[in-house]
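There's a structure below that I have some questions on.
By written order: A, B, C and D. Residues from 1 in each chain.
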Amino acid sequence: MTIVLGDNQYGKAETHLVRVTRDGETHSIKDVNVSITLAGEFDASHTAGDNSKIVPTDTQKNTVFAFAKEVPVGEIEEFALRLARHFAGEFAAVHRARVSIEEYPWDRIDVGGRPHPHSFLRAGAEKRLTTVTCMKERAWVVSGLSDLVLLKSTGSEFWGYPKDRFTTLEETRDRVLATAVVARWRYGRLDVDWAAAFADARTALIEAFASKHSLALQQTLYDMGSAALESRSEIAEIRLSLPNKHHFVVDLSPFGLENRSEVFHAADRPYGLIEGTVTRDDAPEPGLAW
Amino acid sequence: MTIVLGDNQYGKAETHLVRVTRDGETHSIKDVNVSITLAGEFDASHTAGDNSKIVPTDTQKNTVFAFAKEVPVGEIEEFALRLARHFAGEFAAVHRARVSIEEYPWDRIDVGGRPHPHSFLRAGAEKRLTTVTCMKERAWVVSGLSDLVLLKSTGSEFWGYPKDRFTTLEETRDRVLATAVVARWRYGRLDVDWAAAFADARTALIEAFASKHSLALQQTLYDMGSAALESRSEIAEIRLSLPNKHHFVVDLSPFGLENRSEVFHAADRPYGLIEGTVTRDDAPEPGLAW
Amino acid sequence: MTIVLGDNQYGKAETHLVRVTRDGETHSIKDVNVSITLAGEFDASHTAGDNSKIVPTDTQKNTVFAFAKEVPVGEIEEFALRLARHFAGEFAAVHRARVSIEEYPWDRIDVGGRPHPHSFLRAGAEKRLTTVTCMKERAWVVSGLSDLVLLKSTGSEFWGYPKDRFTTLEETRDRVLATAVVARWRYGRLDVDWAAAFADARTALIEAFASKHSLALQQTLYDMGSAALESRSEIAEIRLSLPNKHHFVVDLSPFGLENRSEVFHAADRPYGLIEGTVTRDDAPEPGLAW
Amino acid sequence: MTIVLGDNQYGKAETHLVRVTRDGETHSIKDVNVSITLAGEFDASHTAGDNSKIVPTDTQKNTVFAFAKEVPVGEIEEFALRLARHFAGEFAAVHRARVSIEEYPWDRIDVGGRPHPHSFLRAGAEKRLTTVTCMKERAWVVSGLSDLVLLKSTGSEFWGYPKDRFTTLEETRDRVLATAVVARWRYGRLDVDWAAAFADARTALIEAFASKHSLALQQTLYDMGSAALESRSEIAEIRLSLPNKHHFVVDLSPFGLENRSEVFHAADRPYGLIEGTVTRDDAPEPGLAW
């Protein structure tokens, strides 16, 4: 028996960059958190402490800041592509560079009904995501979002499930359905209008959640994924992770009150977790996208 | 020397209630987290384990849910008043009841440009707050907000400060100013249009941050507080806590690049913390409001 | 009516310092998070942006690092006293300096049963705390701890409480009692063996929780506070905040199983919160300690 | 083009169970957080809302509590095996059941130097982990730990790395090395003394971190992984994720002070992240273990 090194990667995580762009008096901002991982010929560092092929994570951080100066960030997919191609292209030992970015949205502040030139307000907890993976000659783009919290107060059922000796849940034809969406979708090509594709996919996810009657959160997941795929032909595949944020009807009968699905306890834990992939049957191979 | 009991209080914290109200097909929701504390004649519980005056925290929780059924929540100040008056009024041993509520905002989802009757999207990380304190015959209302994250990319200076042997900070005539506002304001009376007052105070805070040129975050704090007081005569006093979320200009000169306040590192810790009160000189006494 | 500035303070929060001290080959470390607030003559900064009396928070941070070099940190109370006296003493405009420190504990790693000279392991989530407040001529010290999580699986009862129409809780003669202690105690003087006093107070709190039979968490709180006061004559007063981390007996009867206080669901929210002060009747005045 | 369902799974996450076991007057406790995911024939739920094969997540939660009653939890690997075999064995539609458990450690409290029969203290932030995966006829066990925070104040170097135009980091022959270990190791068989294997692997990881001189965190990772494999022949493979928690030497020269690696700023973000696998060359195939 011999002990050997297996898969490995390293990089700088969570470089938090804010880029201000000035168009005369009017500023705009991009607020992004950049994480980089590199994989390649790093065995000697592990087995002998030989760092001759290890691009320091500090250099990776510096590169993020320098690249943001040379050209404004633009869409996060573009910025991640620039960075990932740089690391995969410039360093022979790097076989795969992966750049993940989460973007925090900001709205411009209105003052007296007019947009202010340089003042902004964080537009919520939702994050826009991308993960770009580059080899020497290839690139893959996965985009997505997280912390998109949705709730419908009716239009959701759950019944018809198997019962065993541990089943106490009662079937319901009307429940609250709430979730915090994490969605990540893989693009089948690279010539994409990233901003428009993101906006369309996001709208499709939200509208499908809202408008489709739900017999199971699994069904809602499949509807949401299908809607995203239908919204943009560039999207080859989408992966959704949907916690079932339980809202329990409070039993008010001890107080002589009837609770007709009006008063709910929003519970934290445990929670259901529904995860699934929806894909085109002719989607290109994922390669190293994920 | 004798050991004695001093100030004490107890209650149920963080009852997370969602209340659905149905107006035909159209639903609306209130999502609130309710915390209750009671103070009064609880010495015997501490010193002898005699609970004859201890309203169980479980009963407090039940009361939150039952009250939400009997009348819809309404504005959080109203709901907190109903609850606090109940505990102070119904239980002789309770001398002071305090109810704090944080409300999570939701937007109605649009589907195809039309508002959906029962589907909603969390509208961000910002929270609306209230703390209501009741004695047998009196009540005080403090309202506020938290997690309101603001940034201006110019219009902020910091200079003219004292230098000692530990000072290395360079003076600046142009910096990014960013903060996460926690504001709590005390109303001088109880006949207030709570929704309108909240909206006006919030707008005043945001517009003051945006539009006033800043020579110090302290000055911004004072401007924001003054604007809130000016926006609503019912507000007697406001307390602001403003972290200075530092955005450092990255030194790009080692890479032959000039950073003209374009590329910033958004740091986490340490951070400045500026706290202050702005008040009317004729404000009524705060009593037990805080 | 005129708008005026009320109480205010500012400072640098959460300067995270690790100090290594070398005694030949053997190192020791102190890992502390330092927060500073200053109060004084800062009106002009608020009302006119005049910073001539504003010691920059950046300077405060530098001072923390420089002081840690000049003399090793020592006990956190000593380090906080050095810092607070510096700011209150050196700057005429500073009327009150307050320094709060939380210390993260580390254990030395044993290798093959022998203590390693320079390798350490974080000893848990518990934190040691101090808050030192200095005016020109006076100082107060409050110390404490947080994140001390305790549980007893029996020896706790809760009964005899008032019932109203919202009461559903059943009385119990045997329950799990669990809490996460936040304790802060004020010393009546400054010539204290800080390390020994901390150790004694902590042991007293833990042993009182463990050994006293509990009829209410309030009673446990009072027992814990009394034990701490009895453990060290220098402690004038102690304030305890004890969440009641509910452990619910799971109803297993639907599965034909009897749950004799063996299987519990550890709930997150809501939770009870019991807060109280225990003091000596001859304690010196608190002044600005809190 | 047709839209199709891809990989999917669902289950109940984070059922937080505390199990008390009584041996006369002496109690012991197990504090575990259990997450379950099932994969199998769930297409109809996604595409048609047909839940006839969907074991409700509520039933999964009930099963956790009922199983904990029937037999005490024991080692978390045993409990996860019981649960995963149940779901994979009892439900024809379930092709793969995966049960992940994190265990929170508790110490018994000493009172006056003697162990208390039923009082306990949380022993830190570190968690013991397992993930057990079962198909109808096979099972795999992965165990591990997280939140193990380690620091060495010397014995770490970093030099010899490539420099490009974005490199500013200076080489060092002496730095602080700190990390928060996440380790997960796969067992090659199922007849293991789980408690002893965990203890041996944990000790091996810690001692390797402490005692091996480090030229790169990658080298430390490989040493740690090798030591774990050498400690127990049952361990086939180990995966480590090691953040490089940067401790920066503070420049005190502006204050006329020399910092000989004594005063460090412990930074939060960005951080390096080093991930790698160490394996035996004759390890059995991983199958569905991960």
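As a working rule, a contact is a pair of C-beta atoms (placed from the backbone, for glycine too) under 8 Å apart; a residue touches a chain by one contact, two chains touch by 3 or more.
Just so we're clear, the structure is a prediction, and the values are computed from it rather than from any experiment.
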| item | value |
| --- | --- |
| Centroid comparison with subunit A (C-alpha atoms), farthest chain | C |
| Between B-C and A-C, the pair with more C-beta contacts | B-C |
| Inter-chain centre distance, subunit A versus subunit C - centres from mean C-alpha coordinates, in Å | 38 |
| Subunit C and subunit D, separation of their C-alpha mean positions in angstrom | 30 |
| Inter-chain centre distance, subunit B versus subunit C - centres from mean C-alpha coordinates, in Å | 24 |
| Multi-chain contact sites of subunit A, meaning residues that touch two or more partners | 15-16, 62, 66, 166, 168, 254-255, 268-269 |
| Subunit D to subunit C touching residues, read off their complex | 15-22, 27, 29, 31, 62, 65-66, 68-70, 106, 109, 111-112, 116, 118-126, 148-155, 176, 206-207, 209-211, 247, 250, 252, 254-255, 257, 259, 261-268 |
| List of subunit D residues in touch with subunit B within their complex | 165-166, 168, 254-256, 268-269 |
| Touching residues (chain side subunit B, partner subunit C) in the complex | 1-16, 35, 37, 42, 45-59, 61-63, 66, 90-91, 157-164, 166-169, 214-219, 221-222, 225-226, 229-230, 237, 243-244, 269-282 |
